[in-house]
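Next come two complexes, and both contain chain A; in the first it sits with chain B, in the second with chain C.
Moving on, here comes the complex of A and B:
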């Protein structure tokens, strides 16, 4: 188990290196000069070519891509992510400020999605074919189909503007009043997905022979449902939770815009549009790390849930 | 009896007059001190609060820095005239090359220290210091002694002279745009002791300036400022000002409707809704912002080499209907390059109007009886100056035989490609400056590769613009510029689409907002006040 964990952890490193090379290559083929975007105000008739060239030199943009990449990698190993082209801030400081916002949002949404989704799917499977099943699956389809930017705005309109219950947006230090609507909006979509997987995974198990055996030997229905059906259907549910939580993390981009939250998503969008290369690298790296660690956690959980899975 | 009668008449008269007076008094409304004003800015995230490394493009940032920092002179946010700020008055030498500013007594930094001419010299040299990466260097490039300073052979710029309360700036050539440039954020003053104490990065996050509001905090998207008691005109009415960056228009609208914001800019769809709202429609500031939205033509590309084709493009489209129906009236149709709020605007210019028959005729004359196909690049999203703005007029163009292929191009790439001349047509807006000479300079052939995106070469226009740049008398200068504009309109380098109607909506308790044509978000918040009906009146 431990050796597996360590081995899996070491596999992170090549993944991160490959990802960082891809990002760097993409940046070098992407049109748009960071120095021009930062220093020129062409729309307003102010273009100082000397200032632009000075910036390009200062940021080392005139060096070949491999040189720039190795320099960046060297700094990264030393824990230095560099400075933002846009603001001049140290990226370590930026992340310290932004990461808690996105983490709070993501964790709350995952909680909502997992708890709500599993319960909904469980009920739907148990009462398969009834009105309960139909209505929970209707909710699930709605959740998957409605885009977040729309459902977010509708929630704001209803809860904040018409009822005046919660603030329309902003971080406000991350209290529940400010985080409730964004977490709900983001969580709802994944809740729907998890509910559908839970339901179908449980239905697969319900018709298995060993369930009939369990019932035949006279086990209480609650034990059959929980220990035999639910537990055996957890593996696919867990897989989807692991994968989708990574996506959820990446999808905070949209939610952060709608609810004006100063998180990583915002940072990512601005850095791409403004060609703020160091910030772009760092924020993509964060998203990749989130993906990797979530899947790592899921891999470890498999063993607890299904003793047949061996790690050696 | 008659005495009593006279007396009662007098009493009644006095009563009526007093009442009238009282009513008059309330109508005039005495500004009230106190309260917090909360607003949201769109555009891009704030880059930093030190004016050293911001450009005039960083509009969200300037909405904030204009409150914290102060320069020698500033624009009047209603008339666009240049007004004294920390300089009480100024003189320009006979030859137009030396500007001398006399600083007012008692103007202070937020740390309480009095501002001296030396502070301005320090701030301007700091802007030019190659080590620091200042981005408004164009403001002082033509000052005497700058080249030596940039080379590092001298420690100071010899053309910036601080003598007591007077600051003289000596230019190499006459530059009639110089004073206007000094109204830009890059020409504000900073206290050297604070900059040195804090260091560049910290000062950028928590600056000390000389403007009407002091910096309090910057957390995430929210920046909080408070009134500066020692501001040179006296303290502002508001106790506090909060500026939040909110990129999502829907979210801004919701926050305004929920009364979380005291004022905010409106997008076209919101304008259509709020204009129908019985309360909000009474509380709007509208102004023809200094932006000319257009489709630009590459005069070095195929059909657009021919003036008649470019004119045909203009005749083909009914701009008025586009503005009314598509932009919900939130624009003014363009009749020339300069918007109506610009000094030097020429009301004689009537634009091209809508004449599809004439368009077809011109295309035929130019050798395109069956029309042609043109790729138009543009920002993928913006309704007015992005691809949707082109798509809205495609049926008009199709009707005369101009087939448009819209090419959504991410904005970071677009400007660069357009500057390079790598396009056939593009949609965008230019402007954001209140100086007609600068506004029209993008049609000068010297600016091909920077701001002359049309790659337009006309020696007559070049000569007029050069002449205007040397003409100190502003009336005469405007005459020259209007001549140049007439030629530019005749040569149809762009499709004259519209000028933005900037709309700033505000809550009923807000007073004193100004229709600032450079950007309605750059309010002089020291003139704004809120009455006691504001939910934030006591905050």
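Moving on, here comes the complex of A and C:
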């Protein structure tokens, strides 16, 4: 188990390196000279060639791209993400402020989605073909087709503006009142996907011979449902939880704009609009890392849930 | 086929919805009561009803007309972006599956790297690079979401290339290109069509999300996502600006998703009998 974990972890390293190269390359060919922009901003529009040259030298922008990449990677490994081109702030400090917001949002939505989706899919499979099944599957198709930024706005309109129950946006220290709507909005599509997979995966198992055997030998229906049907349909559910989490992490960007949450996604959008390359690189990398770590956890869970899967 | 359509409600409803959107897009100038950029500040923030059926936005532009014109943009985004995706993905998938070896390893490695970066984030990065605009949006979405097509084409090719008719074609001296085009591609069109339809829904959704973030189509173009992001500032005063473009978006995406699901049931007889 441990060797598998280590080996699987090592397999992520090439992926992360290639991803970091792609991100760095994309960002290094961006039009617009950050030193020029910063110098222009500092001097309120009057541009000073000497100041620009100093900034370029200080930030190492005069070096060739491979050298800059290696230096960036070296700093990254030592846990130093550099500093913002626009504000001069250490990115580590910025992230320390922003990361808890996004993490809280993501974890809360994953919890809502996994619990809600599994329960919904479970009920739909047990009552296959009934009105309960049809309506929960309608909900699931709707969840895939409704854009988060619209359902979020509609929830604000209904719950916050018309009913006046919850705040319309903002972080507010991350209490449940502020996080409930964003987490619900973000988790809805993910929940729908999990519900669909749970249902079809359970229906695959439900007609197997060993289920009939379990019933025939007189096991209580609840035990058959839970221990025989549900446990044997967990693997595809787990796979979809890992695969589709990328959508969830990426859409924190959209949700944070809708609910004006000061998280990583918000940071990413503002850094794009301001051409703040180091901040862009850092926030994209964080999103990718979050996605990869969740998939790592899923890989480890496979063997725990299905003893037939061997790691060596 | 006819029996399938009458039994599969999702397929018929989905295709009806898609046809409605296509009609809206093609005949927009005939259907829309006003132009999409026709502003009249005297009529700003007019509620639904009366002369403006769905109300007006902050510049007094007729919302219904803007939504009808918006169908053009969303369809274009969905179809062009998905076309680029398919060309890239299917070509790579066919090559990887048929030629195998080092090329297969390389293409699959690239696909895995692409999969580890969420499409929305990658498309945002490419849009930053290219700058905002409609054509750039097609390119950004087209370059980033081809992995599904690639994996489907590859797995289909892997099983098809063992078939006798492929060996026969090779024996009579067909070129690799001809085998891929005539014998393999034409036999995996079904699954590719499914992926393509579902991918259009994805592309429309992500295109609208980019518009909402201010990185997609630019004003005064009436793109639904951009309309939502402007309407957000008027949520209290004029909730209809947010409500209706979103409904149009849901209608379109739902249509393509239902159509894709229906096509999947149709092209995959195994799934059909199991359900």
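Just so it is clear, the second predicted complex is superposed on the first by the 284 of 312 C-alpha atoms of A that agree within 3 Å, B and C clash if a C-alpha of one lies under 4 Å from a C-alpha of the other, contacts with A are read in each partner's own complex, and residues count from 1 in each chain.
Definition applied: contacts are C-beta pairs under 8 Å (C-beta built on N, C-alpha and C of every residue); 3 or more make two chains touch, one makes a residue touch a chain.
Predicted model, so just to flag it, every value in this text is computed and none were measured.
By the document's definition of touching, neither partner reaches A:9: not chain B, not chain C. In the superposed model, A:22 lies in contact with chain C only, and not with chain B.
When both complexes are overlaid on chain A, the residue A:273 reaches chain B and chain C alike.
Of the two partner chains, chain B is the only one touched by A:170; chain C is not. In the superposed model, A:138 makes contact with neither chain B nor chain C. Legend: residue contacts after superposition of the two complexes on their common chain; A:251 is shown touching chain C, with no touch to chain B. Of the two partner chains placed around the shared chain by superposition, chain B and chain C are both touched by A:153.
Of the two partner chains placed around the shared chain by superposition, chain B and chain C are both touched by A:161.
Of the two partner chains placed around the shared chain by superposition, neither chain B nor chain C is touched by A:304.
Comparing the two complexes, residues 31, 153, 156-157, 161, 168, 257-258, 273, 275 of chain A contact chain B in one case and chain C in the other. Chain B contributes residues 44-45, 47-48, 53, 55-57, 130, 133-135, 137-138, 141, 200-201, 204-205, 219-222, 244-248, 250-251, 254-255, 257-258, 260, 410-413, 415-417, 419, 428-433, 438-439, 441-442, 450-451, 453 to its touches with chain A in the complex. Those residues of chain C lying in contact with chain A across their complex are 10, 109, 112-113, 115-121, 124-126, 128-129, 131, 201, 205, 208-209, 212-215, 225, 228-229, 231-232, 235-236, 239, 242-243, 246, 249-250, 253-254, 257-258, 261. Residue ranges on chain A touching chain B, taken from their complex, read 31-33, 36-51, 54-55, 58, 86-90, 97, 101, 153, 156-157, 160-161, 164, 167-171, 257-262, 266, 270, 273-275.
Those residues of chain A lying in contact with chain C across their complex are 15, 18-19, 22-23, 26-27, 29-31, 141-142, 144-150, 153-154, 156-157, 161, 168, 246-247, 249-251, 253-254, 257-258, 268-269, 272-273, 275, 280, 284, 287-288, 291-292.
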